[in-house]
Amino acid sequence: MKNVKTMPKVVTYVILIIAVLVSLFPFYFMFVSATNTNADILSAAPKLFFGSHAVENYKNLSDRLDLGRVLINSCILTFTYTVLSIFIHSMAGYALAKFEFKGKGIMFGIFMMTMMIPGQVMYVPLFTLMNKIGWANTYQAVILPGLAGAFGIFLMRQNMLSFPKSLIEAARIDGCGEFSIFFKIVMPTMKPALGALAIYMFMSMWNSFMWPLIILGTKSMYNFPVALSMLNGVAWRKDYGVIMLATVFAVLPILMIFLIFQKQFIAGVMGGAVKE
Amino acid sequence: MQFHVKEEKDMRKKLLAVLMAAAMVVSLAACGGGGEGKDEKADSGSGGGDGELSGEITVWSWDVALAHLQSQAERFNEKYPDVEFNFEDMSVTQVYQKMTTCLQSGIGLPDIVSLEGEQMQKFGEKFPGQFEEFTDMINKDDFFPIKLAECTVDGKIIAYPWDSGPCGMFYRADLFEAADIKAEDIATWDDFIEAGKKMKEKTGVDMLCMAESRNDQVYRLMLMELGAFYFDEEGNPQVNSPESIQAMEMCKRLYKEDITFNNSSWDDMMTGMSSDKFACYAEAVWMVGSIKDGVPDQEGKWRVMPLPKFSENDEALGASNGGSVLAVPTASENAEAAKEFVKFCMEDVDANVEGFQNYGLYPSYLPALESEVFKEGDPFFGDQQIFDLFTEIGKTVPQINYTSNFAEALEMSKNCVAQVILEDADPTEVLNAEQKEMESKFGK
Amino acid sequence: MSQMTNDGGSMVKRRHIVTKKTAPYIFLFPMIVLFAVFMIYPIIHSLLLSFQDFSGGVYTFCGIQNYVTLLQDPIFWKSLKNTFIYLIVQVPVMVVLSLLFGVLVEQAFLKCRAGFRIGIFLPSVTALVAYAIVFKLLFNTDFGLVNHMLQAMGFSGVDWLNTVWGARMAIIIAITWRWTGYNTIIVIAGLKNIPTELYESAEIDGASFWQKFLYITVPMVKSILLFVSITSTIGTLQLFDESFILTGGGPNNATITIGHYLYDTGFTYYKFGYAAALSYALVVIIGILSIIQFKVTKGGEE
């Protein structure tokens, strides 16, 4: 009898511990490698323990990169992008989920279709456009095209579909304005979805590479991925120790954001209350 | 539930505040950014003719190549103090990705860019008139013929040859000794295979690192040795030529004799090298630096010999791989100054020697290769005079028409090697099929 | 009209501007502006490119030639096949794993829950370069950890990156490793939305773990699972990094994806018109898939 109860617990722990170990290994390797030399990393038995090259790697890294500047760039881009996305996409998603209006179906269909178009084909027209309006090498040129993507709308619409219409109607009868309904009644119940949206948007901008590379002209504007790829230099001269150290710097902020965020993400769950 | 108008107003205010803040971040950031990248070509007083050179020059290059240009810029400034430089450090792929969009829109191009030699004809053919001509500035006898071929499109020289990549066979003298093999005895690929069997038998080490699943390098170098290539002189595909079939069959034999080490990437190869998995590697002269960096503890163990030939009586043609060129886009507002700087770096013996000594950039400028430093023995290679050997090889590399399709042909060729070797396909059939595909894709 | 009266008028009217009728347009306005400028315009531009040929520095109209070439291009078909192999094998495995990990992490008795959540989530924030190197090392034929373990268990090693199926499996394993944690977090968000009373009453009725899982959990997170499947499908169809970095598309194009081939065509071969045609072929394929998925969604909502 006791076995029946404890077995699932043991199995759960075993599965999860294995999953976490498998997840963590490359991460651990990244940290370890940041303290080792290139030869150590590429040897047949790569070093799996912390080495003594961290300082040297850091010196080489800071010779080539202004880490502070890169961090600031990445933060400005990512925070602006995420905040704007939360407003723009949830408003649009709300309109598509909870209102009836002309052309709604077609509009949603078009949004969905563009989600499927690979970004690469749009780089050249976008680049030309940005240069024409004088936005080359600016942050807004990096941020705005990404916001035109429909993923956020899709995410928010799907979540808002299940929001009870009766609550919205009741608020209207109480004389509540449309914006007030949206921000005071709907949005607070959307915290899990907004959390997912924020994580998604944060990660996609933090890791965004090709478009920033193309549109950002000067080193002082680079975000982490672009700066990191600069370190790659040429294939036969890569120093993985330095690159790994740089990636550690690139990953730490996103990790911290997740640590802070996941609490709010979990605490803000209102879902059960709004089910019809 | 009660909602008041007041609350709604508050909400609106809050929303407005947040949006304003966001907008400010964007615009502030934009200002900051704009300031940094400021109007590069504001005073473009490029003093044409024989006046003083001036203006700001933006250079896109990578790694050591950039470092070298940077140090030469200081010397250049002693002569022309009014020329300002702006160096952008990028990776090779970064340069290509940016060049692609910039060339198409004609906007945002640098004044000087370094490109890989094999890719230059693609740039020249796909974007005619977008690169400055150097035909009158260059003395053709001063450079390796292969490098001039890389820089020439439609009879015009549109880039300056820089470092070059004559290829030899790097080998491990210690392993050769252990297997009782003498490098002098290896003249042909047949000799090489015999020696390889001996190597495998006595030491268990593979003779050659070939990357058969990912790279066509051994096959491509053999093609060059035989005076052939993917394309003929007019640029038509000729991958089913007798030479090509001969080379592909030799690659298959190497594999069948079980004396090759198959790596799937560069990193993989370096790992194999550091753990003594193979004894030979056919590569260009710039590999010297990579070996020294990658396996410092193998000092004294490496040597270089010419690539084996197909028959002893053959005239020895050289093969080459890699090396870069410098180009100046015509969009540059300071093209005169940019061209002058390029010539200054490329045709100065001291500059070339410095580039070699400090950054391992092996020049293609023949007068520089006459310098003493290239005649000295290298202790890492057991004091062998390896660079002299490479210079001799470099002179014999035939001129090759890379055409604008080299990149795509290279990918196709890699896949053919994988088919022939890994899937045990017939070389003639595979190469005939490749020829057909090339003809349909390249329209020639 | 004076400024004053104008302002006063709008103040009063304000209540009527944002009505139930106009609200959706106002809510959508910022998105529509962004969308028109930064999405529709480039899309039309590149659609036009797909009917043009780029050579000698100029684009010339070539009708549907690019699309004809495409239908005869063996690499296009190969990349399509590879992409679908990834799709069919990898997406279901990942969805199931995400659900499993999500449910396990949310078990009431679990200690150190935040630690497990973060641990599982971590792969999706690991920098690409670390991920690529680690997987190349792990899958190395001669000294990779994976083969060492296989041999320790008595199996023979696999020539992972140099054989057709070995390389494909390596890619599938790598993608699964990278994205399962991310999807698990999304599933957890969905699980959190399930009212606990449902489980409580089921427990009173004596339901087992599996019964609760099948009859409460799965139906309640259906929409989230669908969401995860759709985003993963799109992600897989546009897959680029793994093919580009881990296997280089090889051996013999056995692992090249449409996204990778598209990139090569445009950014390496400079066939811009053809690249545009390739991407519209991809759009058509994804369009068909999404119609199918849309039908499934409708079924799910009813």
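Going by the order they are written in, the chains are A, B and C; count residues from 1 in each one.
We adopt the following convention: contacts are C-beta pairs under 8 Å (C-beta built on N, C-alpha and C of every residue); 3 or more make two chains touch, one makes a residue touch a chain.
Note that the coordinates shown come from a computational prediction; the quantities given were computed from them, not determined experimentally.
Contact topology of the protein chains: fully connected, every pair of chains touching. Set side by side, the interfaces A-C and B-C show unequal numbers of C-beta pairs in contact, with more at A-C.
Each chain gets a centre from the mean of its Cα atoms; for chain B and chain C, those two points are 35 Å apart.
For the pair chain A and chain C, the distance between mean C-alpha positions equals 13 Å.
Chain contacts: chain C has residues 133, 137, 142-143, 266-267, 272 touching two or more partner chains. Touching of two or more other chains is recorded for residues 44, 87, 124, 177, 179, 232 of chain A.
Chain contacts: chain B has residues 97, 100, 104, 267, 271-272, 275 touching two or more partner chains. Within the complex, the chain C residues that touch chain B are 54-57, 69, 72-74, 133, 136-137, 140-143, 159, 161-163, 247-253, 264, 266-270, 272.
For chain A in complex with chain C, the touching residues are 8-9, 12-13, 15-16, 19-20, 22-27, 29-30, 33, 41, 44-46, 87-89, 91-92, 94-96, 99, 101, 104, 107, 111-118, 120-122, 124-126, 129, 144-145, 147-151, 153, 155, 158, 161-162, 172, 177-179, 182, 192-193, 195-196, 199, 203, 207, 225, 228, 232, 240, 243-244, 247, 250-251, 254-255, 258-259, 262-263, 265-266, 269, 271-272, 275. On the chain B side of its complex with chain A, the touching residues are 1-3, 5, 7-8, 11-12, 15, 18-19, 22, 25-27, 29-30, 33-34, 36-37, 62-64, 88-94, 97-98, 100-102, 104-105, 107-108, 266-267, 270-272, 274-275, 286-287, 289-290, 293-296. Those residues of chain A whose C-beta lies close enough to touch chain B in the complex are 38-39, 42-44, 64, 76, 79-80, 83-84, 87, 123-124, 127-128, 131, 135-140, 143, 170-171, 174-177, 179-180, 183-185, 210, 213-214, 217-221, 226, 229-238.
For chain B in complex with chain C, the touching residues are 96-97, 100, 104, 122, 125-130, 212-214, 262, 264-265, 267-268, 271-272, 275, 277, 404-405, 407-408, 411, 414-415, 418-419, 422-423, 437, 440-441.
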